[in-house]
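Shared between the two complexes below is chain A, which pairs with chain B and chain C, respectively.
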Partner chain A sequence: MTDLALHTPAPDRAQRRRFGARISPAFGYAFALPSFLLMLGVLLLPIALVIAMSFTDYELGATEFSFVGLENYATLTDDRGFWKALINTLYYVALVVPTSVVLGLLLAVLVNGLTHGRKFYQVAFFLPVTSTLIAMATVWKYLLHGTIGPVNHLLVALGLPSIEFFGDPNFVMPALAIIGIWALTGFNMVLFTSGLTAIPEELYEASAVDGIDSPLERFFTVTLPMLGPTTMFVVITTSITAFKVFDTVAVLTRGGPQGASDVLLYINYLEGFQYMRIGLASAITVVFLGIILILSLVQARIIERKVHY
Partner chain B sequence: MSRVRSFLTRIGFGPGQIAMHLFLLVCAFAMVFPFYWMVLTAFRPSQEVFLPTFHWLPQEFVGFDNFRDAFAKAPLWRFMANGLIVCAGILVVQLLTAIPCAYALAKFEFRGRQALFALVLFGLCVPVQVPALPLYLGLAFTGTLDSYFSMMLPFFLSVFAIFLFRQVFRSFPDDIIHAARLDGMGEFEILWRIVVPSAKPAIAAFAVFSITAHWNDLYWPLVVVTSPELAPPPLGMMYFRDTDLGSSFGSLMAAATVLTAPLMILFLFAQRHFIRGITMTGVK
Partner chain C sequence: MKPADGPPHQLGLTMTATVSISAIEKRFGATQTLKGVSVDVAAGEFLTLVGPSGCGKSTLLRILAGLIPQDGGTIHIDGAPVDHLAPKDRDVSMVFQSYALYPHMTVRENISTPLRVQKLHRSARMPVIGRFVPGQATARAEIASAVEAVARQVEIESLLSRRPAQLSGGQRQRVALARAMVRQPRVFLMDEPLSNLDARLRVHMRGELSELHRQLGATFVYVTHDQVEAMTMSTRVALMMEGEIIQVAPPQEIYANPADIRVARFIGSPEINLFAAEADDQGQVSVAGRPTGLRTKPKGPLTIGLRPEVIAVNGGPSDIAIPARLNRMERLGHDVLLHVRPEVDADTSAIVRVSAAEVEALRMRGHLEERLTLGAPAASALLFAADGKRLPSRAAQGVQAAERV
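Let's look at the complex of A and B:
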């Protein structure tokens, strides 16, 4: 192909110079084609369809369906179950994000300040991230068990009343959040650690010259401001992950007790794949996509700013 | 006294460092405790689970009884083999499709390149739950639900891999590509024999990331798989919990230990790649 291009006297508009030779854009297209076809088939077309289906009353197995406009969305706004699931999800996010971010930052800063044993702590804190969450969720259910769980043994030993975490509507979301925090903190710690290593040593030296000696003061005047963009990035990434909570709910609580742990993706799963109300489930999916996209846009803004930093 | 103190500080065991170690050890204990408890329970007789008091070690040692029980009553090997097949299938197709696309985006000029890259960035934000319904319907209408293929399909495309490899390929020197062309190498050959080998660390990091994600994924297998013999580890664990065997904590924890072990071992051997995978992009 290159040889052929070399014989062409006038530069063809479709052909570009690249590295001194004329390379037909056909190579670019050929290399990108498999991925593009997959993108069309498993991403773009399905998203278009899910948006279209959210305006229909389609149910799996039905022979016909009709367009119902915004009816599915109207159903959702009137549906207390949907609002409850949305609020539960936000409650979960509100519990998981601050805790796992602050803890991740604290662990990263402390481990980074050590002379010995950094590797050991990093492995210990990162272990939950790689574990199979479903298997570990089963362990957690046992740990938090109302009568035989070690956590309740501890509570009783401290003279506190024991808590039936997964049977009490007030405690089921915090219990799920504990599992989420446990699973995410190590991940955030690694992100903060890479942010910390990017802070130039001279800044600490300069702060010492300015008379900032205590580690705490140094943390608030140098470390924290320099970690600003990293922190925002971690907050959004964690929010997106937390917003997608599904596994622990599906395995441990199935939305119970009394819908106290229904979350957005779980009711979406039930509507779509258990009750087969495709139209309504599509509408929930669109709402879900909208929220995720807003969070992602904020994240993209932060990454841009981080580059200019 | 003060000399001892300054000596300790110099070798990294001053009072401040000791306090940090103490705090971190408490945190590490809390993080690792679930793993400890899982393994402990797997080696305990089931009646001990219901003791009202807390014990650090089994009061009576039963060896591998719970593991034998778990393997006898649930096809744990099968679950893991399924996990392996699905992860391997996904990874191979991801690499074969993402690498050329990333190379095209990094080193070629063609119309629509920018639009394609914008689509990649958009794809990065979309979790699998969004295209799930139409994909499920498509699989249902073609009669391919409940198969290995159905479990792998949504993940054949990895926009994350495209994004990651594009970054890596962009820093590959153009001179080398040019020299290879002058030597008469074809474009395809240049990519796979010259550019790809230079990106091995990134490919390893991505492989570890992809295997972890799909070994642990519950959502999609739960949607498309109905036959227990096709279940990957998380779905297998879910079935296992729901059978009467699931009421025996000892065997349940033994099963959890077995299904968690492969990734733990992978992590301990490939830590570098895990950490690099995260720090390269910060995407989970």
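Let's look at the complex of A and C:
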């Protein structure tokens, strides 16, 4: 029997023949080396450098620096401003992620069910993603303006007190969150739409024959479980994007009023590029990376148990 | 199998109904998928809708299930029109090609879904909180024992707490069957349920489905493009092409007595051999100028169909004789398929099925390299008019059988 099988000689570990030549395995590594170095230099080295710098007192332009151990981290834990920024960021994430994911899912299901105008709605809701947030921030600044903003006009017309959105410490984070939700929902909708098209039609037919005829029950029996993998991806990407909130803060509020809209990346930017304290900024970056890493791992773990591929 | 330990769920012979499909039409945009299809299915019958892909058979099944509305015509189940009813109210079950199991549910939950919808209150079916809705204990117990009973019947009791992803194709198929059976519907609809299985399992499941049909006594409407499934399982076969049913007949009948040349070509493997022929003023049929012992009514061009197994090679004088040369042979073990080219018509080719022993005999006599004579009795020939319709034929009386060539 074995004589009949296609005879493949056992690969010789030390030497291998290619096109008649004997090639040492070291050649393989030599060819892989450039791309490996590129990956090392472009992806891994910067992160290693940031981690290393977080243990120094380096300031931009300084000719010398010294290792200070965990002093930067100690400074951060004692700094009320840092804690405030961390809490503000978490608040922002807590507002933006659930809202934009649920809204994105809702829009995807509603738009996908349309027979006419589906393309129009998809493009319309996707527009905020394609427009630059800094440019659109001006529009939002006008919309939510305390005196001339149409939103306040509406509130007043309804007999409600007007709100200085970007001037009131209680409203500045929700106002920023609204802009974040506006920017992210369309993207989430597109991701959910692609997830919806992957659900086999026969599953809906089977549920109809089984007697599941209320749209809500069909949604919870077929659509939502089948969107498990998509939901996991959407939640993780949305969380990371929300954590990285920076541009609207930098343009609209600059952390104000009284630090009510300081977020992690914004104080990171201030430390690194305004006060030139690279060591401290690096420590903030490391904390930031750590949070995102832990968050992604936890989410992946939790959602994986609910996802059935 | 364990003896019945008193489950209240008896899979009896009561659930059966007639299905009457009349003048069903369906258009998708400009194309007419169904052109007024009518067929009556008797109670307890196993009717197979067979035809090439795109002939509208799956569409017809979905209209029957109530999944898509028809543009014209009516469906009656057990004599009552069901056109206005939702799928769940038609008392039908369906098995899908992809099995369509809910991937996030266990096998037990999958099978119990139709019953949960039927017997539990809507609030009790809600995820998580549904468990705390009171007053559903009896219904839940009934559902549990019904699920156990069907799982036992299709032999998947040990898989009940698995998820579909952990099952093989054959096991998923059984789960899909169990889900269809658990509600005890009067009519089973099956949409190519075996086409995702490997060849060996398909042969096995053909037998099991036939047995299941016998046990349940329910009406089966079965869609397939596989003529073997149609021939082996059905009580009757309905052959569909281009949105129409061309012939409805028991399997043997549709093979031996096709009403149309398209039916003759679709049913039977290898395909039926077709030869151009001509009927003269007296009704005598000749193939390429050679008279045969066949007579038919209208004169003019026609087609003679000969099944591969009715042709004898160098078998002595016969009613129809066609000279041919051997192209190649396919040995199937017991049988051999001879691919031959008739000398009368260079364009056609024909396939003859003979036993291995006959081929050996021909080879020993050195006949395979020479010109062969394909012979067939007149009674076995099928005549078709130029428009494809079947023509009546009879063996001519007193006409000399064609000479050996």
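The criterion applied here is as follows: the second predicted complex is superposed on the first by the 252 of 309 C-alpha atoms of A that agree within 3 Å, B and C clash if a C-alpha of one lies under 4 Å from a C-alpha of the other, contacts with A are read in each partner's own complex, and residues count from 1 in each chain.
Everything below uses one rule, namely that contacts are C-beta pairs under 8 Å (C-beta built on N, C-alpha and C of every residue); 3 or more make two chains touch, one makes a residue touch a chain.
The structure displayed is predicted, hence computed values, not measured ones.
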First (chain B), second (chain C), both or neither: which does A:42 touch? first
Query = Which of the two partners, first being chain B and second being chain C, lies in contact with A:128: first, second, both, or neither?
reply = first
*asked:* Applying the document's definition of touch, where does A:25 land relative to chain B and chain C: first, second, both, or neither?
replied: first
Inset, instruction - Give one of first, second, both or neither to describe whether A:220 is in contact with chain B, with chain C, with both, or with none. - result: second
One more residue to check, A:169. First (chain B), second (chain C), both or neither? neither
Max touched-residue count on chain A (chain B vs chain C) belongs to chain B
Inquiry  = Going by the contact rule set out at the top, does A:289 touch chain B (first), chain C (second), both, or neither?
reply    = first
Dual-contact residues of chain A (chain B, chain C) none
Interface with chain B, chain A side, in the complex: residues 1-2, 14, 16, 18-21, 23, 25, 27-32, 34-36, 38-39, 42-47, 49-50, 53, 60, 103, 107, 110-111, 113-117, 120-128, 130-136, 138-140, 142-143, 147-148, 150, 153-154, 157, 182, 185-187, 190-191, 194, 215, 233-234, 237, 241, 244, 246-247, 250-251, 265, 268-269, 272-273, 278, 281-282, 285, 288-289, 292-293, 296, 300
Per the touch rule above, chain C residues touching chain A in the complex are 62, 65-67, 86-88, 92-94, 96-98, 100-104, 113-114, 117-118, 122, 125-127, 163, 165, 179
In the complex, chain B touches chain A at residues 11-13, 16-17, 20-21, 23-24, 27-28, 31-35, 37-38, 41, 49-54, 96-98, 100-101, 103-105, 107-111, 113, 116, 119, 121, 123-127, 129-138, 140, 153-154, 156-157, 159, 162, 174, 177-178, 181, 187, 191, 212, 215-216, 218-219, 222-223, 233-234, 237-238, 241, 249, 252-253, 255-257, 259-260, 263-264, 266-268, 271, 274-275, 278-279, 282-284
In the complex, the residues of chain A that touch chain C are 200, 202-203, 205-214, 217, 220-222, 225-226, 228, 308-309
